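In the two complexes that follow, chain A is the common piece, with chain B as its partner first and chain C second.
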Partner chain A sequence: MATAPKEINQPAPEVLLRVENVTKIYDGTVKAVDDVSLTVNKGEIFALLGGSGCGKSTLLRMMAGFETPTKGKIHLAGQDITNLPPYQRPINMMFQSYALFPHLSVWENIAFGLKRDGMPKGQIAERVEKMLNLAQLGKFAQRKPHQLSGGQQQRVALVRSLAKRPQLLLLDEPLGALDKKLRETTQLELVNIIEEVGVTCVLVTHDQEEAMTMASRIAVMSEGYFLQVGEPDTVYEMPNSRKVADFIGNVNIFDGVIEEDEADHVTVRCPECVHYVGHGVSGHTGMEVGVALRPEKIMLSDKKPKGEYNWCQGEVIEIVYFGAHTTYHLKLDSGKVIKAQELNNTRDLSCGLTWGDRAYAHWNDLAMVVLAQ
Partner chain B sequence: MSQATNNKIFSNLWMVVVYLFLYLPILTLVVYSFNDSKLISTWTHASLRWYEALIKDDDLISAVLLSLKIAGISALMSVFFGTFTAFALNRYKRFKGRTLLSSMASMPLVMPDVIVGLSLLLMIISVQHWLGFPDKGLFTILLGHALLGTAYATVVVTSRLREMDGRLDEAAMDLGCKPWQVFHLVTFPLLLPALVSAFLLTFTLSFDDVVLSSFLSGPGYSTMPMVIFSRARLGLNPTINAVATVTIVVVTCAVIASSFYTSHQARKRKREEAQAYSDSNK
Partner chain C sequence: MATKQGFFSRLFDGKHAVISIPYFWFIMLAAIPILIILKISLSEMQGTSVSNMIDWSNGWPKLTLNFSSYQFIFSDSLYLKTYLSSIQYALLTTLICLVIGYPFAYFMARSPKHLQPMLLMLIMLPFWTSFLLRIYAWKTLLENNGIINNALMSLGVIDTPIAMMNTSFSLMVGMVYSYLPFMILPLYANLSKLDIRYLEAAADLGTSPFKAFWLITVPLSKAGIIAGSMLVFIPTIGEYVIPELLGGSSTLMIGRVLWNEFFSNNDWPMASAVAVVMILLILVPMAIYNKSQAEAEAK
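Moving on to the complex of A and B:
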């Protein structure tokens, strides 16, 4: 999720895909996609992230041409493609189920799209060869899809959709069908191949890790519209709403009221504690807000922290060991349960806490995000 | 004796009983086709006498040929119409009268043949009365068999279409196929096994149908089952045993060959999948 440092005087990025106020209504009543606009720049990997039924797949299918928008326009490289059928769009898609043709060999699967374009035979062979090398599948060219493992099938699906050199590549839950162990390696392979070809990508996923590791920008979707669009670290560290904070990763949310509103800091009084936030927010005194705090930003100790802000006390009611880190569930005196994540950086349990212990949770003044109600 | 051995003895015994029930009559028929006696129930000694008689029996031979012809043509018609119906029901989820079509398409499966035959006969008679055609004969039998066969073919093709990944069509379109190319390059090749089995099923249905044919045939168009049936009423002639045996042998060979082929394919596929798995773990 590292992003390149921003250069000064960077040339304006070239817009490849422009979605303008697209709405999709099914059966006259169900709004699957609700007035969505977005632009995807050339060379970008853009992720549509959301739970099932949030409209992300419908949006992708409208880009591919399998659905037509009820309202709105889709432009690709300046051309209006809203009503073009899929076979006339310079867009290819990799399907979640891969949709490899079971009756054709790997070679024929990759050549399938090229043949439809009437490309000369010599060129087809050359292109397929290149694609097989890209996916490191050279020796499997004559196999049928069922003779390949899941990871290999996935690479065939990817290079099949790249073979026609589409201007835009669509990925539908690219890693959805793989088991967890294969995911990590495959994810990197996928990104490497995509970057080698330099194709612009829109991917759909419900898995926030997948979106964060693969994409340069993420749109978080819910109920047919975008909650937030931004770079992975922005969306994670600066969510603009409770829904986003909740959807991306784990979060503790404290409800409170702004007590002090200054240019360089605010304090928020909650039933459990008082938050001192070390930067100004757009709000006013007396406003009801939520304070979002990620578990990994909370530190635990058995000693009472100094000062009156940014700590609370509770009882350890659950300890979940993950190997690399441990999550402690702390029941505060108000009855609220918060999660705190401690890194296991030594081989004995890091802070020696156990079930039933009283513990103090504390955090620094830039750890939290203040969200409007 | 333990419970397990008891169970085993019982299940073996049961198997023998079921096999006897199913195949003893057929076996008897085959054995008696080699009987020299003119009486169907008394065994004298083995001979090929009735097979000779069969070759010379022009009526029976031409009935067999007619049956084959009707079965072949009506099976083709059934598969053709059945495929279209199955497509309409599976690929186009919303159109007016869909529910009606889906229940009407399978109606002939449950409707007694006698009723179907009788109603077809009445319809054909009145159509003929108004228009002057069709005359009862080859065409009307084909019509009846195709009607029944279409229902069966629809069921077979539908089940295959249902388990086919609809994304394959989309993938084909995505890669540049126009709709007719999708059918020609992807759907049809994948559907072929189902079309073959639908053909075999409807062929068999037509080949042994006696009820519909009796209603719909005209003079000079007697199918094999009709001839056998009418001769049986006059007193069975052992030639029938001979023609039945020939049919059984042909069918048995076809069934054995096809099941060998299928199990061979399944084994091959399993081996290849295992190979793929072990390759990827290297």
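Moving on to the complex of A and C:
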């Protein structure tokens, strides 16, 4: 049942996992998870994204059954599993450190869970074979985990957690141990395998690119609670708070005051410039707001833009070349530094700006998001 | 020649000098004494002293090897029986120590981190009193009019004292009591390093805690089990003090035979031969252990 994430978000998705007002307090004082509620639909890849120590692992471990919630309930397919021990849950987890059994071969590691279920020998062999093929590990069946590379261990860990066909698959920083290059190729590989098996999946990561690439929905976490839950593009293009905008990707935030508040547009006056936002916002005249503007939505030129809105000028103080694009740091007259990202779509530097040049930055009136303070 | 020079300069450079120190001590403290024992075992008694193995009286060395002690060991079934019984007692001690020591070490390793140093101290506490004193203490506990029998009789549980001293029972009590720490310490060292995530992974894959213990904890602590067993088995084979003080004459242990040969019969070649055979008996399990270790590493 290989279903693409987009098709799942149809009118009435079937809810598989329901977390209700779950709180976890360690040692009576450390509030690791604070009144979190969420639902995960069948077939979905759901990502928990957040900085270090924000409670992602704790939430995941409560789903797996390694921690019991201090408050709240967890339901799987309608059944209350809050107090079920981990070995009775139809949930499997892929551990951050893989936790492959060092004394068992790859084959035995994958068969471990199947044997516990008392599956007949022939069927186990068949299933393990299938899993080995899925992970392209056929050659390594008889090796011990320490004889594999990091990427191979990661695939063993993945198929070990998939072998039992769990209703829910939990991934705790599945690619954390891999280097950047291997990570990017593995992300898609991982998604393909997960979709081929057709398993619902909750993924923990602190890497926003990983969450965007792999997940159909993302929950952004901070200090134990959810800041925003939504599809990757929504969270990226329409963050609901400064923290989310800051956490997901790069962003320039201008502080200002709403000057004009109309149904089809607002203007925000900032010390650096005046923003003309081409849609209405929930706010009122005189309200202090932040205007978030992504670097890739800013265009640079050496000519003064027309009109009085949505541009500012400054001095190029830094040029960071990334290959596919270049990021310019522009020091505005107010002293504020903004970042603008230009695509390198020709082989000479796109806008011919260099250190010390004065430049104009401009953007269109649907490029920014107005955030309440 | 260049190679020779290279050899000597290599021998005296810092790195090799450091490595050579343990070798030096090994040769001085283990290899030479064992060779001396081997030499004595191949000589015979001449009055109160041991015969010279090499006779220079004719102007050139004449080597005489005397195997009579070894012949005697293998012809008199008492020696064989004593060796076998020593191995049996040592194996039984090892097994009992493992059965008692494993749960001990396991709960120590699982107890809160701040309690562990104290528990470790408690394990080592007996070493602070003399070994002999502790064995004597058991004597006063186990004797016919010892503390245990007196207590039971005054409580009316028994009418006549239970004969516990000078039996296999008292011997085993003494040996298990004395060697238990040597089992617990390596097991604890091993189990406290066991990554709890393996157990979580096992539980996650549907393994109950009891099953996970046998499937994960025990196999992963194999090195600790082997180390602890060796530390108990090897010294208990040749144990002398405990059989002498608690075992009595009915318990056959090779350590006591050795002592008798030396000090009662004053037969040094015989005593040395008994010791050499014992060393071989200990070397065999050691060799097996080393081989299994090497294989495990090669895997």
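Remarks
Following the convention adopted for this analysis, the second predicted complex is superposed on the first by the 362 of 373 C-alpha atoms of A that agree within 3 Å, B and C clash if a C-alpha of one lies under 4 Å from a C-alpha of the other, contacts with A are read in each partner's own complex, and residues count from 1 in each chain.
Following the convention adopted for this analysis, contacts are C-beta pairs under 8 Å (C-beta built on N, C-alpha and C of every residue); 3 or more make two chains touch, one makes a residue touch a chain.
Everything numeric here is computed off the predicted structure, so don't read it as measured data.
After superposition onto chain A, partners chain B and chain C are found to clash with each other. By the touch criterion defined above, A:Gly224 reaches neither chain B nor chain C. Within the superposed three-chain model, A:Pro69 lies out of touch with both chain B and chain C [touch as defined at top]. Looking at the shared chain after the overlay, A:Phe112 reaches both chain B and chain C. In the superposition on chain A, contact of A:Ser149 is made with chain B only, not with chain C.
Of the two partners, chain B and chain C, it is B that touches more residues of chain A. With chain A as the common frame, the single stretch of chain C that clashes into chain B is 38-46; none of the other options in 38-46, 56-64 or 74-82 do. According to the touch criterion, the shared surface of chain A, contacted by chain B in one complex and chain C in the other, consists of residues 64-66, 85-87, 91-93, 95, 97, 99-103, 112-113, 116-117, 144, 160-161, 164. Put simply, chain C touches chain A in their complex at residues 195, 197-198, 200-209, 211, 215-216, 219-220, 222, 299. Within the complex formed with chain C, the residues of chain A that make contact are 64-66, 85-88, 91-93, 95, 97, 99-103, 112-113, 116-117, 144, 160-161, 164. Residues 64-66, 85-87, 91-93, 95-97, 99-103, 112-113, 116-117, 143-144, 146-149, 151-152, 160-161, 164 of chain A are the ones touching chain B in the complex. On chain B, the positions that touch chain A within their shared complex are 165, 167-168, 170-178, 181, 185-186, 189-190, 269, 272-273, 275-277, 279-280.
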